[in-house]
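Next come two complexes, and both contain chain A; in the first it sits with chain B, in the second with chain C.
Showing the complex of A and B:
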């Protein structure tokens, strides 16, 4: 037999909260309507164009140009190399910045705030803007892409690494201090074993993201498969575009899969 | 020998940690410090290896005032005072042997330690220490694969490997169940007797203090309110230290199971 019971009455939402929620909802809807009406979309024309081009472009995308395979594969390989070199460079650059930014490492809120500012400043640049800057600085080649990826990833990795550092078990550090170990010994025996797997995991994840990022860097001339994308699009060569997309999908999927497996192993 | 002379400690936020503490702890003694939480037991123990620094008075370890120590003096002091913590404080992802060898860091050069190139006799000493607390078979396990009691034994092995002159144990059994608590206390007691290591243990369990201590120091609100051999201690003494009557949860129990 079920037992009868009564829950204590729920606390009543105050009228203030109710009004606040209504106001927020109305504001969000208003903002949405306002933005949509003000970007001035010519729906009729957009739909017409899409209908026309659909017939021409989509079937060609699905019949890839196999003769371009060699060219596309090479260029995809270059993209992977750009991503790898860039994320490796970022993973190395991010470590000292993370130690600077982590509140429990260098001691002092001032240093950590400066470190956090540096990381936010670095993060503020989108990859594509960095690529444009580096194309101007070092010329239109893969090296510009590597630098763009490296700087772009340093900001995010540095922030992640700093958060990992702030989350370590400081009791271990205290125990080593209490046994007379010096700072460098504590770093190598108390801090590094706690952070290495997470650092690697995030670096690999970032490599995964960088593959996608470096696919488009070629559009501004920074090397990799993006160069082919821009050529194919300018020449209306949609079947070559199909091959390129296929290559990107394949490589991204394989690397996502591999990265997920590796990361599960190390953490 | 450890001597406290008129030691006071006031934390930056104004909390009084220690108030006019005068104590002499002789070599080879097994001292248990009792008191309610917040009575200053931890502060007392942590002053001895300067994890906290008293604000006035003198604290002599082997006839040297340690309150002025900085840098390498401080590290030298800490190599001779081994510490055991409530939460074991092992590197969870490292192997047992690596954790035990960490006790040797204070005696090892920086470059050597970076490359994990511990001296051969240090590795032998670490293995010997693990054997003494009966956990040598777990040598290559990761620390987080062990139970709480086993981890605390590893941390005792770490302290043994450090070859200190003093052992400071800050609530070493507070996270353990009664039988394991007695096991850990028995090891501490055994080491104290065999190696003649001065041992200072913080406890808040009355029955365990009575069972293992040579001498009991009672603290309340940062002051030493009792100091005497265990033979002079009665339930009345504890009531005076705690400032209230004794309750069920002041006892660990389970002495017969150990």
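Showing the complex of A and C:
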């Protein structure tokens, strides 16, 4: 007898799912209604200003002021220095914190949870807010920027490092423990060889991110090319702004490219 | 039996790492150290009192921020809400604009090589410009207010979102698409029935992720006059009113953590 082929029955949508979907839809719509009805944008003024300023800003932006090249290059170098010093400090600071936060290292869920909380608390501060605090603390100079980058990056790097540590092959560690190795030996011969390439890779990646971050720190007085951005915008010197933009795009692209090459080689 | 030594002496043990690697690592180490020392001297050169002076001073200054002035909370609430709304609008617009850009920047959808390369390069350049720099330019163009801030957030998040989504699109299973093409579907049918069902969960997750980034970015846009809570923070810092500034920073901190927590939970449920 020939068997009749039928499609399997369609899965029934449970009432729970239906209600959940309706609730989500209503919430999203409510969010949008609230947002668009209460936000107060002065369209008339924005359009009027744009009409007045367009000719003054846009063409200037695309005709960079080459006489400012030296000044811009020097500031950009300072930005790179800030990012470099900051991310190196962060890479070193993040290691002990990561060991604290990784569940399989220091033992104890409590320590690991505390470590994770510290790291996420640090990550919640935008870099520029940290920069504001450090500018007040150590004065308006590039070193405030270094400190802001260092603290800001420690949060993210510590989290990444901790995840790498939690993912290592623990068999090696157990084998070494069983054959009588002490803690230091386990650390140097069992743990470090497994994590070093990935640690380095993340630290270099963070340097890429920090180049972008440190280029704006000068807006609150923490050194680097951001200082020139604020001067240029206050003086309405848009052709110098064009030069600055060009410098940022160039340096960030080159460093992204170099960093990607190095990271591919390491891992 | 000969009397030759059978035990391995130190000299015979092969080194774990070849000499070349050792030299390479040492050179890299010293180069990194040299750049680090240069950076530290450079960045500290304009500092009065040097490193130790500054660190000693740091504690004295930090005390000025405490205790935070809780009286400013009602006044800060409005701008904080405004900041969140800026992020919502910017994320929504970016999420819509990103669709065509992400499709153009995905190698498996855009088979036209020059078009793909142009879109990629455009997105790469877009991503190098920091959000606050965009905000400075738009404030110059449109004047102080929310609109330049939203515009800066849209452009900034567009670069990130389009790149992430185009990578998701490139990672999809191509078999359903090929099957549809073989049975005569056109490009739009392929996108609608084969691509969207595969990409949608990741798309929503990435949009939420970019929303988190936008919240962080929008709290500081006010520093350059682009609306939101940063404007108030900048004013208070200008008046050297540190307890008020600290309270605003704490509110920013709480809001950022709360929104990130909610968004992470939703994203975990999605994927």
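To be clear about the criterion, the second predicted complex is superposed on the first by the 257 of 267 C-alpha atoms of A that agree within 3 Å, B and C clash if a C-alpha of one lies under 4 Å from a C-alpha of the other, contacts with A are read in each partner's own complex, and residues count from 1 in each chain.
We take it that contacts are C-beta pairs under 8 Å (C-beta built on N, C-alpha and C of every residue); 3 or more make two chains touch, one makes a residue touch a chain.
Here the structure is a predicted model, which means the values were calculated and not measured.
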So, A:49: does it touch chain B (first), chain C (second), both, or neither? second
Name the contact category of A:189: first (chain B only), second (chain C only), both, or neither. first
Tell me the contact category for A:223 with respect to chain B and chain C: first, second, both or neither. second
On the A-aligned overlay, A:169 touches which partner chain: chain B = first, chain C = second, or both, or neither? first
Now for A:139: first (chain B), second (chain C), both, or neither, which partner does it touch? second
Partner chain in contact with A:82 - chain B first, chain C second, else both or neither: second
For A:179 in the superposed arrangement: first (chain B), second (chain C), both or neither? first
Counting residues of chain A in contact, which comes out ahead: chain B or chain C? C
Residue ranges of chain C in contact with chain A within the complex: 32, 35-36, 38-40, 42-44, 46-48, 51, 54-55, 57-58, 61-62, 64-65, 81-82, 85-86, 88-89, 92, 124-125, 128-133, 136-137, 139-143, 145-148, 150, 216-217, 219-220, 223-224, 233, 237, 242, 245, 249, 252-253, 256-257, 260
Interface with chain B, chain A side, in the complex: residues 169, 171-172, 174-182, 184-185, 188-190, 193-194, 197
Spell out the residues on chain B that touch chain A in their complex, using ranges where they run on. 49, 51, 75-79, 81-83, 85, 87, 89-94, 98, 102-103, 105-108, 110, 113-114, 155, 158-159, 162
Can you check the complex and tell me which residues of chain A touch chain C? 31-32, 35-36, 38-43, 45-46, 49-50, 53-54, 57-58, 61, 78, 81-82, 84-85, 88, 120-121, 124-126, 128-129, 132-133, 136-139, 141-143, 145-146, 212-213, 215-216, 219-220, 223, 226, 229-230, 233, 236, 238, 241, 244-245, 248-249, 252-253, 256
